[in-house]
Every structure is written in structure tokens, then in C-alpha cells.
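Read the structure below first, then the notes.
Labels run A, B, C, D, E and F following the written order; every chain starts at residue 1.
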Amino acid sequence: MAQSNKPFRRILLTGAAGGLGRVLRERIGAWADVVRLSDLGGLGEARPGEEIVYCDLSDRQAMLKLLEGVDAVLHFGGVSTEVAWDPILQANIVGVKNLYEAAQKAGVKRIVFASSNHAIGFHPTTTHLDADSPTRPDGLYGVSKVFGEQLSRYYWDRFGLETVCIRIGFSFPEPKTYRNMVTFLHYDDLVELLRCSLFTPRVGHTIAYGMSDNSTSWWDNSKASHLGYQPRRSSREFAHLFPDNADYPAEDDLARLYQGGPFITTGPIYD
Amino acid sequence: MAQSNKPFRRILLTGAAGGLGRVLRERIGAWADVVRLSDLGGLGEARPGEEIVYCDLSDRQAMLKLLEGVDAVLHFGGVSTEVAWDPILQANIVGVKNLYEAAQKAGVKRIVFASSNHAIGFHPTTTHLDADSPTRPDGLYGVSKVFGEQLSRYYWDRFGLETVCIRIGFSFPEPKTYRNMVTFLHYDDLVELLRCSLFTPRVGHTIAYGMSDNSTSWWDNSKASHLGYQPRRSSREFAHLFPDNADYPAEDDLARLYQGGPFITTGPIYD
Amino acid sequence: MAQSNKPFRRILLTGAAGGLGRVLRERIGAWADVVRLSDLGGLGEARPGEEIVYCDLSDRQAMLKLLEGVDAVLHFGGVSTEVAWDPILQANIVGVKNLYEAAQKAGVKRIVFASSNHAIGFHPTTTHLDADSPTRPDGLYGVSKVFGEQLSRYYWDRFGLETVCIRIGFSFPEPKTYRNMVTFLHYDDLVELLRCSLFTPRVGHTIAYGMSDNSTSWWDNSKASHLGYQPRRSSREFAHLFPDNADYPAEDDLARLYQGGPFITTGPIYD
Amino acid sequence: MAQSNKPFRRILLTGAAGGLGRVLRERIGAWADVVRLSDLGGLGEARPGEEIVYCDLSDRQAMLKLLEGVDAVLHFGGVSTEVAWDPILQANIVGVKNLYEAAQKAGVKRIVFASSNHAIGFHPTTTHLDADSPTRPDGLYGVSKVFGEQLSRYYWDRFGLETVCIRIGFSFPEPKTYRNMVTFLHYDDLVELLRCSLFTPRVGHTIAYGMSDNSTSWWDNSKASHLGYQPRRSSREFAHLFPDNADYPAEDDLARLYQGGPFITTGPIYD
Amino acid sequence: MAQSNKPFRRILLTGAAGGLGRVLRERIGAWADVVRLSDLGGLGEARPGEEIVYCDLSDRQAMLKLLEGVDAVLHFGGVSTEVAWDPILQANIVGVKNLYEAAQKAGVKRIVFASSNHAIGFHPTTTHLDADSPTRPDGLYGVSKVFGEQLSRYYWDRFGLETVCIRIGFSFPEPKTYRNMVTFLHYDDLVELLRCSLFTPRVGHTIAYGMSDNSTSWWDNSKASHLGYQPRRSSREFAHLFPDNADYPAEDDLARLYQGGPFITTGPIYD
Amino acid sequence: MAQSNKPFRRILLTGAAGGLGRVLRERIGAWADVVRLSDLGGLGEARPGEEIVYCDLSDRQAMLKLLEGVDAVLHFGGVSTEVAWDPILQANIVGVKNLYEAAQKAGVKRIVFASSNHAIGFHPTTTHLDADSPTRPDGLYGVSKVFGEQLSRYYWDRFGLETVCIRIGFSFPEPKTYRNMVTFLHYDDLVELLRCSLFTPRVGHTIAYGMSDNSTSWWDNSKASHLGYQPRRSSREFAHLFPDNADYPAEDDLARLYQGGPFITTGPIYD
């Protein structure tokens, strides 16, 4: 391949067939000569500048191969909601261990790890958190995300492999509930946060909250300010959909008590 | 009464004949089918959507009656400056106890309590405070406001009755002194902060500082960011009235040393 | 009176007929030429070195007179448990205001204020507190003790009148419950803590927890270590009365959840 | 079975054939009518008051059965050092998930979870930690222990199932290295800490460091002081084995830099 | 001289011939009837409203004379980069001691001290600092700036002489490196920060970071918010000069690891 | 020289003719084959195991020579009280810079630096400090000690040269004042603290308070607990000399207000 001016030679995007993966596929082409897309299937045809490699995160040998020649990873693969234990175990625990083993062996310098607000979902909605607040997972899914945050911390301390863990809020085209207004992450801001995470010269092991510039917030990104992330969108754009209201949820509706909202009572799902 | 679309059925505004009460009376009609206005007198005629109930805060039986049928309270009644002990005792201590007793018995869900920056006025002007900073009342009035904050905390812990305590700064049409520039709360922002306090689904027991988006500030509202309060006005609008100046007050002028300004030396007034 | 070598000329002990007052009366004679004892009654005959002055804390004029000629105060008067609002109001709010007014006018240098663990009783039993932890009163009695702590803070900031607030635990001859084992303050240690509070050259406004050297503790006195208080007794002396036990109180027994124990549900008592 | 006076009816001790398990088997008989011992094998004959149930932690159905009729658990089973990933995964991740699922279904009230100092081993030896310090696992084993701490936190938040996580130091008959002197936990103190963990009326989710009263310490148990744990032994008993020495390990010997000592470079072991 | 309306009678600007001194000379004339300019030489002709006094900071007698009649000082004199020890000693240690001695004797009320980010340059680039973060000088120059901060603190505690210490970032017309983008202080913002430092009625001893409103920041000025400093410029104006880039500096390039950048390895220079 | 079993080959003790230097000379012989003693004079004859090298700290060349062949340093040389600026400058600023330059060049691994409580003497006597509390020097002497602490921090960050800074209290045979009771450091404990500082395998840059186990304390050594220092003496041994007393110093006696005691008003002494 001819020499290009793009900043990376090869970025790996896992979970490329998922909701956010499809959004990112459209927008990250300028960052690398080659974007290697991976998922279990459903990726269609490779376009110019793309490579497609199907791979199961829990398949260790396949993962070792998937990471070869990769400079940086956007890890959006795996389970992204509260489901049964076994898929969480295979994708988010075994899979993340396989990813870091393979990345370290392949000499990858940096990983952006799609963590989740469900790593801290059992904090009350009246609490203000930052990167040092204790984790409070709200399900087996949330526990698996803490596992990933901690495993990546270990690879940083042990090998100097850098990771930005992004505790993603509600990243969909528009908020559906009051809670979504608080945790909303516009796709534009997601892409900007990934850009900052990839191009800041030094990130070490950083925890950041994936949220837009919403009026209400439970989270404080000041300890990630070395990333230079400045959200430009806001759930205020959707404020008209949520007029003032005193019909509070019932007092025993856990979704209004805890940051994790309905996840609080979804799990654990054992099989 | 026919069914309306307003968010509350009945809000009680105490101190409705006072300075801020009169401002609020003009602006909160959209929030409730009925706004019950209360004070010792001076409320004129009830307009559509209003009820007028005269009531002395220190009259327990009258207070029990005043709270009947009320969904939420904006408590602006009582003494709002450093005066003699007895009126403070009757209105701000006995009166606030009567209010919470009556509200709890009437099943009120939420109270917005007009606290004051004089609850923390004995902090130096070079100190930056947030909701967890220790209180430092600057007079008997300030002590009475701490009493109200603590009593409301007890009703939250004991009964789940929610309160937002707003430590109001200088809320008048325009700043008169340098200190007012720092503590200024524009009426528009006061109303917005009340709106946030009433319509955030969950507030528990929240301490917020009532201030606009002023350039200089001694206070940090980050721990109340679940309210989603975003001030839109600023004392910068009045900056031209306060040109640069090196004629400092005398070094022993306590008003420049402490956040409470001249209140620092006003009290105590015993009778 | 002939010149003596005792460190104070006159100490006032309020609440001298109460449970702790009677204990103290026996033990503090060496600290002052004269110990002025005060209560509503029941003090018997004055012994050598004692003066008896009956006085109602809510009687302002009587209080002004009571404080005349006093160097330091041990304030154990007033209501010491959750009772109806009116006696709390009269003794612990009006009475404490009267005390500080009179003390300031009489030139008293220092007051030891018997506060209570019920100022922080709504903290969970799994939480470790120090002097800067936010107060969480567990009843109207607890709220009144916070009032006293805050009023005394104001007199310190305003007039330089020093106070040590002692949040007394369970100070009786022996523990009756598991909770008492945690909060136990042996009379010997109470006296030692008062001695430290009176004779440390500088105390400013200090918050201290009144507890012995118990094995389990919810409280940390490190921020009061300028007092030099070293407890010498411990509830371990009574450990044999509380054998290991798995018959936990029922899960919904609030007394095991909160530091305030059974007080949590005693109040409020309105009349 | 006849009624006894022992505090628990049935305690489960997992890992009963392991190093600490064998120690505990000798010492905990007084706490329960029945001690159910479990391991993969090697438990010999059941003695009076014992039940033996062989069980693989990764066998979900067997675990559901193991927990039936159990009041409290001392979980010492699983992998206790840095080994290959697969046994860690099966015993410390799948196994711990199986334990909590089964315990919750069986109505167990409390678990004492043998966590490890390797959950925080990548902190420097010059850092002082408490229960709120961020975890810094020093291997896959350490990551698995953080997984257990977080899963147990979730079961507490979700179901009110209490856990004390004990980050055990070096618990062997005597220290072998300078580092062991710092992290030493005498068997007597281990048993005492378990006793406190089982019999404190309320523990919620507590993190405690398992160490004796050693002269040098990197850890602070003040936030677990509601347990009332008072160590009575100390590595000072072995001080004569470690005379003063300036033959420092080489500067690049990671064992002197990090609290985890030689574990720092042991892992990861992938297969 | 006829009475003017300017806020100060006489301000002293030291280091007036240096890089920032020349910028300031052009912009601060409105603040004082007389600006006394000082340096070792190179100041040209005095313009209206200016006085020129050549003076070596290490010359104690000359300094005593230099401060006579001065109301406030902008101290930009001395060494402003890592050079040999002797000039640092003479200008930044002896010189600063001479300045404070002379200022105190002359009755100066306030000094703005040009400190440097090199007082904290050995903090990692992934760390977020505020005014209370421990200093970590990155050279002898940085140590000398901490000396100045501490000496000025002493003069505040001892004599009530106020100082604002500004830890200036990169204050040049435009950023040259990625690091400059983070630490950039536009001249407009420098002047605004000086204005705030001079005209805030009360500053005590304040530590502020001299930076514009840059996207990426390592520093937090919230504890200096009593100054009312609101930057209006940003290194974003130069963002186009620094396109996204994955050619990280080599891992062992200390300039990307520490906030002090290349200074980290420049010193110490002994002669 | 024949091989010995002493832990160090050569320790340098500066200030060996001073008050503490003479005490240490008697007690540290067991730690090194050779103790090199240094001062300006007055050291008498060298005893077995001693070397005497007279040296002025401000003489750079002499210092380079003094450090040759040294493994570790106990730096007790220089000015140890508030005196005129010039001796402080020469001994405690120039001298300490010379010491660190020479030590780094000579390959010294560790220095114990005799800092002083006067580095924090302007903290009130009612404040509890630890190693991270901001410094508040109470004179030019205190400022010079902060200089040494910061210079040594730089040599640690820059070169990995370890230092323990000991903020020594009152280290004389017996306390003379109430304040001495609080800051007392018995010679036995001084020696023990030096022993810990020299033989702990890793100290990095540690700040420790040099105090015995006194009843009253303003300082907390928990962040230095990796040193394993356990004081065995206490000013309680002298408690009988300081009976209870209410003859407080006058309110304006600064010695009772600030931890630095009479130093507060001694300086600055300019010549």
C-alpha cells in the first residue's frame, strides 16, 4: 500500500456490526489507512480502507490473529446490556481477557474500551460521581464492565498498555425517557470523545464518562480533562419532548432512585 | 374543578407578600392548578388560580390547616434578615417546625426551603464552598437557617419528605455593592432554580446555592447538578457599575473578609 | 475568700441534678475554688466549695444573673433525650441561646457543651465519622443539639468565646445493649475529657466524640487530638455480658441500621 | 438434632482442605451446631459437628445444593495465588458467581469472602491505603479477587446479602521476608477477624485488610472499625529474624517497589 | 501631580524589559497614575505615566529604595527558565527575599508574583491539579518558584501582605508544541488575570494557574474563583496547526510524561 | 579494612557537633563500619569507627569531597532556629543544594533530612496535620526547611535519590513548656525514627513528623506508616511538671494560637 497521511496505519473496531459499531464505521475512516472491522457477522462488503475479520471474542486463537498488525483498538464488541450470565462470561470476561492478551502480544499501544454507566448504576441519582468514585455495578453486565476496567488497569500497570475506559451513557439518536436526557451521548460527541482518546499523546489508564453537554448530569469528567474532550451536543435539543411534570414515578420505582435506572432490577439473569 | 394539564394540583407559596414572594406570585402560575398564597397579610385579591390563606407560621393549628391538600411547598415565609431573636425564634424555628410537622401529616412530597447564604457567612471571601462545606452562620438569622436545613434533613431521613434547601444570595433587581456582584441571583434564575427543584424526579435532601452565572463566585453547585440548574443571567450585566478600584475597604472592615458581608457584625440582636 | 491554688475561680455546672450532673458534682471540686451548681431543683445542701443557684434555662433574666462571675461552664442542663417539642424548644434552643448571650456578656472564656451522638444518629452503623462529617440528627432532640453546636460556632466566630462540643455516647454505669458497647463512655473518661476540654490552652470551637476506648467504634477523634484526650476505660470490661450471637435483630429493626439506635423511630413527639 | 446454644445452626466453610481452611476447621467449631466443610477432596472423616460435602465451585447445580440450609459462609475456596487463567476463571469467577447465586437463593444472610492483598498489589510500598483506595490488581488472580469484591457489592445493593471482603495478607506460621513482616496475619488474628465479621450485627458490604498489629503497615482499617477487630498478635514477634540491613534489593527489583511483591511479575499466565 | 481617577497611584512592574514585561508595559497604564518600571536595563525612554528605575534584585539596598512609594507590585523580574544555579539563587531566592522585605517595609498591600507551572512540572500529564495539589518542581528554577510561593505565604501569615501567585503556563504569541496548546496563556488573558488579581477586594494568599480557556487542561482554578478570572481566549484558535497524530513521542520521551515537558531533563545546571 | 557485618559501610552525619549531632554520635555506631562526622569544628578526636571531616556546607568543592564514598546521609547540619537571613541562606539553602548535588554525584542512595515543625508552624494549634497538609512556614528558617523538602523532592523525581524529611519537634532532654509537651521527641525515639528511615527498603520521598507518643498531638504520621516507626517514649513522663492550669496566656499571645509557638513573631531577622 502506498504511504498515506492518515495518523494510524491500522485501527481495529470490534463490535462493528452493533448499534454503535455501525455508526462508527461511517465516521472513523479518516483516522487510519485501514480500519479492521470485526464482529460475529453482518458486516457486508468491505469498502475501501476497510478489512473485515469475523471473530468470536471468546476464541483465543482467533483473537491472537485478529490483533496482529493493529496499532490501536476501539473495543465495542461483546454484550452491551443485561443478559444471561453465560454470554456475559464468554464475551465480556473471557473475551476481554483474550483481547488484552492478544493486544499485548501484538504490541498494540492503546485501547479505547467501551465500558458502561452500568458499572456505577447502583449510585443514587442524587449523587455526583467522578473517575475516582467507587464502582457500583447494577447487574452482571455492570460487573463484567468493572472486570474490563480492572483488567485494563492491570495491563497498564504491568505492560504500559494504555486504555481509555469510556462509561457510555445513552447513545442513541434521541432520548426516550427523563433518565436518557441525563445520560445522553450524541453520536457526534461519541466520535469526538474517541478522537480525543486516540490522539491525546498520553492517556495512561483513564476513566471517562461518555455524555454530551446535558443540563442535568450525575458525572464529572474533570479528572479526564487531559483528554481535551469538549462535548458540542446536548440533550437540551430534545427538551421539548420532556415538559415539566409532577407525576413522579411511584416512590418504590427503583428507576428513579438509582443511576442505572431499570437495569437495577433486570438482573441477575442466570441462564 | 375541571381537569387541567398543569403539573401540580396545588402548590403552597409562603411569604407570598414578601419581596421574593411577590416576584414568584407573578411567575409560577403555570406550575399548578391552584397556587395557595400565604403570609400574615397584604396579599390583596386572589386572582384566577390563586387561593389566599393568611396564617402565622408560629400558629401550629393554623399551619396544620394551611398544608391540607398541598402537593408541594415553596417556603419563602419567615424572617429574612438579622433581626431580634424573638421573631427569628417564632418564625424561623417554631414556624419551620410547624411547617414540617404539617407537611408530613398532610402527605406533602416536596418542599423547597429558602435558606440563605448567611448559613455560611462566616467563611472567608477567599474560600470556595460546596454543599458539603461546614456551615458557618453569621448571626442568629443564619443559625435559624441551619436549623431549618437540619430539620428538613431529619424529615428526609425519617419520613422520606424531600427538600431542596436553596442558600439564596442577593436576589434583588440589581447589585448595589461589590459583594452583591458575587452573590447575585437574578429573578429569572431564581424561578429557574425553583422549577428545577420542583420537577427533578428525585431530589432527596439537596443543598443548592442560589446564584446566577456571575464571574466571581464563592460557591460551587456541582453536588446539586442532578437538579439540572443552568443559570442564564449574570451580574456581568451590571459590571459597568463597578469599575476597577484600589480603594479597598479598611483592613478591619469585616465585610470584605467574610462571605456574610455586613451581617457579620449586625447580630446578635437580643430583643 | 482566701487565695487558693485551684486553677479556676468559679466554674458553672448546669444540669447538676441530672444523671451526669450528679456524677460530675462528685469529681470536679479540684478544678475551681467555687463550683456553682445549677438546675431546676433537687440539689440538696451546698457543700464546701459549692454554690447552688436554681435557674430555668428559658428564663433570660435569671440566666444573665447565673453567669455573672463565672470563668468557665460545663453545660449539662436541658433535655437529654427525645421528648415533646416544647420542652426541647424551651431548654435546648431558647435555653442555649440564653446561656451564650449571658456567657458572652459575663466575659466567660470557655464552655463545654454536652452535645449528643443523636446529632449524628441517622448515619448508618457501617459508617466511620469524624468531626467534619455532616450532622444527621435522629430526632427533634438531635436537631436541638445541632442548633447548640451551630450557635456556639457563631459565638466563637463572632466573639472568640471558645466551646468544646462533646457528642456524648452512652454514659451510664454499664452497657445494656450491643449498641451501648459501641457508644459507651465510662464516667472516668467523661471526667478526663472534661478536664482536657477545660485545660487545653486553646480549643477554639472543637467537636469531640464522648466515648471510651471501646473495641468497636463508629467515631474518630483525631481532629480533636489537640485536646490530648486519652480514654483509659473500655466497654471491653463488659464484653462477657455480650456473647457471640447470630440472632440478629430483624432486618427491618432500624436500631441495628443507624447509629442513633432506637431514637430513630422515637421522634418526632409534637406535644 | 437437639437444640444447642451455639450462635449459628450451620456455617459453610469452602476451601476447607486448603492451607487456611485446615487452620479454620480446628477453630470455628464453637460458632455453629454444624460446620459444613467443602473442597474438591482431601477432607478425611467428618468429626462431630461437621458435615463434608465435596463440590467443584464451577459446578452450578452442585453449588445450589451445597448452600441449602446454610446460614453463613466463610468462602476460602478457589485459587489463592497467581496461576494460569483457566483455573482462575473456573474457580474465582464462575465459582464465585455460582456461590452468590446459590447463597441468595438459599437465603444466606452473610458471607465472609477471602479476598487478597493482590487486589491492591500494584500500589507502591510507600502508599497508605484504606477501604476506599482504588483497587490495583497485580495479576489475573488479583483481577479475579476484584471481580469477587464487586459481585458481592452487587448482591448487597441488589438483595441485601451482606459480605465482608477480607484482603488477606501473608497468613502462614511465620514471615519469610521483609514484605511478609508488613503483611503478616497471624492465625489467631485471622480467626478473630472472622469472628468479628460473623457476629457484628450489621456489616453491609465491608472491605477489611487482613493483617496483624505489625509495626510497619501499608493499610488502614479505620473504615472497617464497626467490626471491632483488634489484632492481638504482631510480626514484631519475629523481628529478630530480620536484622537491620542496607543490602537493599536491586533498584529494579519490583518486589520492593510494589505492595504485591513478587506477584507483580508472576502474571499473566495464559495457559 | 494633579489628582487622577486611576485606581492606583503607583504600581511597580519588575522584569519590565523581559518578554512578558514588555507586553504588560503596553497594557497596564490605565491602572495607575504612575507605573514604575524596573529591570537591569533595556527599558528605553520613560513615557508619560512611567518611571524607570534600574535595579538588581539581589541588591538589597537598591530594592529597599525601589519599593518606596509603591502601592502594588507585579513581580515579573528574575530568572524565568532553567539556568545555572547561581543566577537562580541571586534573582529568584535572594531577590524575592529582598522584594518582600522591601515591600513589607514600604507598606505595599499586594503583590502579584509570577510563579510558574514548573513549580508543579513533575506531575504526570494524566493528573488534574488544583491550588492545593502538592508542588513538584521540575528543576532548580521550579524549586526557586516554590521558594517564592512559600516566602509570600509567610509574609501573608506574618504581616497580612497579600499575594496572588500565578503559575504561568506558555505565554507567547502562539503555541509551538502540543504541550503549549495545553498550557497556553494568551496575552489578553494574562492581562485580565492580573487585573482580577489587583482589583479583587480580598485575595489573602491565592494560588492561580495562568492559562487560557484551552480544550485540554491539567489545572483547575476553582479554588481561585474569588478572583473572578474568566479567560476569553483559547489555544483552540491554533488547533489547525496541530492535526490529529499518532506519531507519539517515543515512550521514553519524558516530555510527554510530565507536565513540565522538556524542563524535566534540563536541570539541574550547577554552574 | 576487614569485612564487617554492619549494615552500611559509611554513613555521613552532618552537624555532628550540634545538639542532636552529639546525641546521635553516641548511638549510631552500630549502623556502619565508618561514621563520617562533619561540622564546622568542635568534634574532638575521632573514635574507632569514626572519621572527622570539617566542612562548611556553603563550600561547594568541599561538599563534593565530603560526600565521596558515602552510602547514606543523616543531614543535621545547618542553622536550626530563626536567625538572620544570611546564615540561613548560606547553610540551609546554598548548603542543602550543595549537599544534594554532591550526594547525587557520589551515588548516595538515601538521605535523612532534618526538617522542622517550623515548616508548618503557622497552622493553628487546633488543626490536625498530616504529610499532605500544606506547608505554612513561621519564619525564614521555616521557609528554608520547605526549600530543603522541595529540593529533595526534585532529586527524588529526577534521579531516584531517596529522602526522608523529618519535621522534628522539640528534641531536648525534657519539655520546658506546655507546647514542648505536644511536640516532644525523646532522643530514644529520634534514634528509632532514624533507624526506620535508614533501613526501610523503600522510602521514596517521605515526610514524617518527629514526635514521641505524646498525649496531645497536632500531627499524624499515618502516611509515613511504611517506615514502621513506633515511638516508645512520651512527654507523659513529664506530665507532673505541667499541672492543670487556667491561667491561659493572654488572648493575643500568638504562641498559644499557632503550632510554631514563639517562632511566629521571632522572624524575619534580616541582618
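By our rule, contacts are C-beta pairs under 8 Å (C-beta built on N, C-alpha and C of every residue); 3 or more make two chains touch, one makes a residue touch a chain.
Computed from a predicted model, the values in this text were never measured in an experiment.
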{"item": "Selected from D-F, B-C or E-F, interface repeating C-F by over half of its contact pairs", "value": "D-F"}
{"item": "Approximate Å spacing (C-alpha centroids) for the pair subunit A, subunit E", "value": "41"}
{"item": "Centre-to-centre distance between subunit D and subunit B (centres being mean Cα positions), rounded to whole Å", "value": "51"}
{"item": "Intercentroid distance (Cα basis), subunit D paired with subunit A, Å", "value": "32"}
{"item": "Sites on subunit E at which at least two other chains make contact", "value": "none"}
{"item": "Topology of the chain contact graph, where touching chains are joined (line, ring, star, complete, other)", "value": "other"}
{"item": "Of subunit C, residues touching subunit F in the complex", "value": "7-8, 31, 71-72, 109, 160, 195, 198-204, 206, 222-223, 225-230"}
{"item": "Subunit D-facing residues of subunit C, complex", "value": "124-128, 178, 182, 214-218, 220, 243-249, 251, 256-257"}
{"item": "Touching residues (chain side subunit A, partner subunit D) in the complex", "value": "85, 89, 93-94, 97, 101, 122, 132, 134-140, 142-143, 146-147, 150-151, 153-154, 157-158, 264, 267-268, 270"}
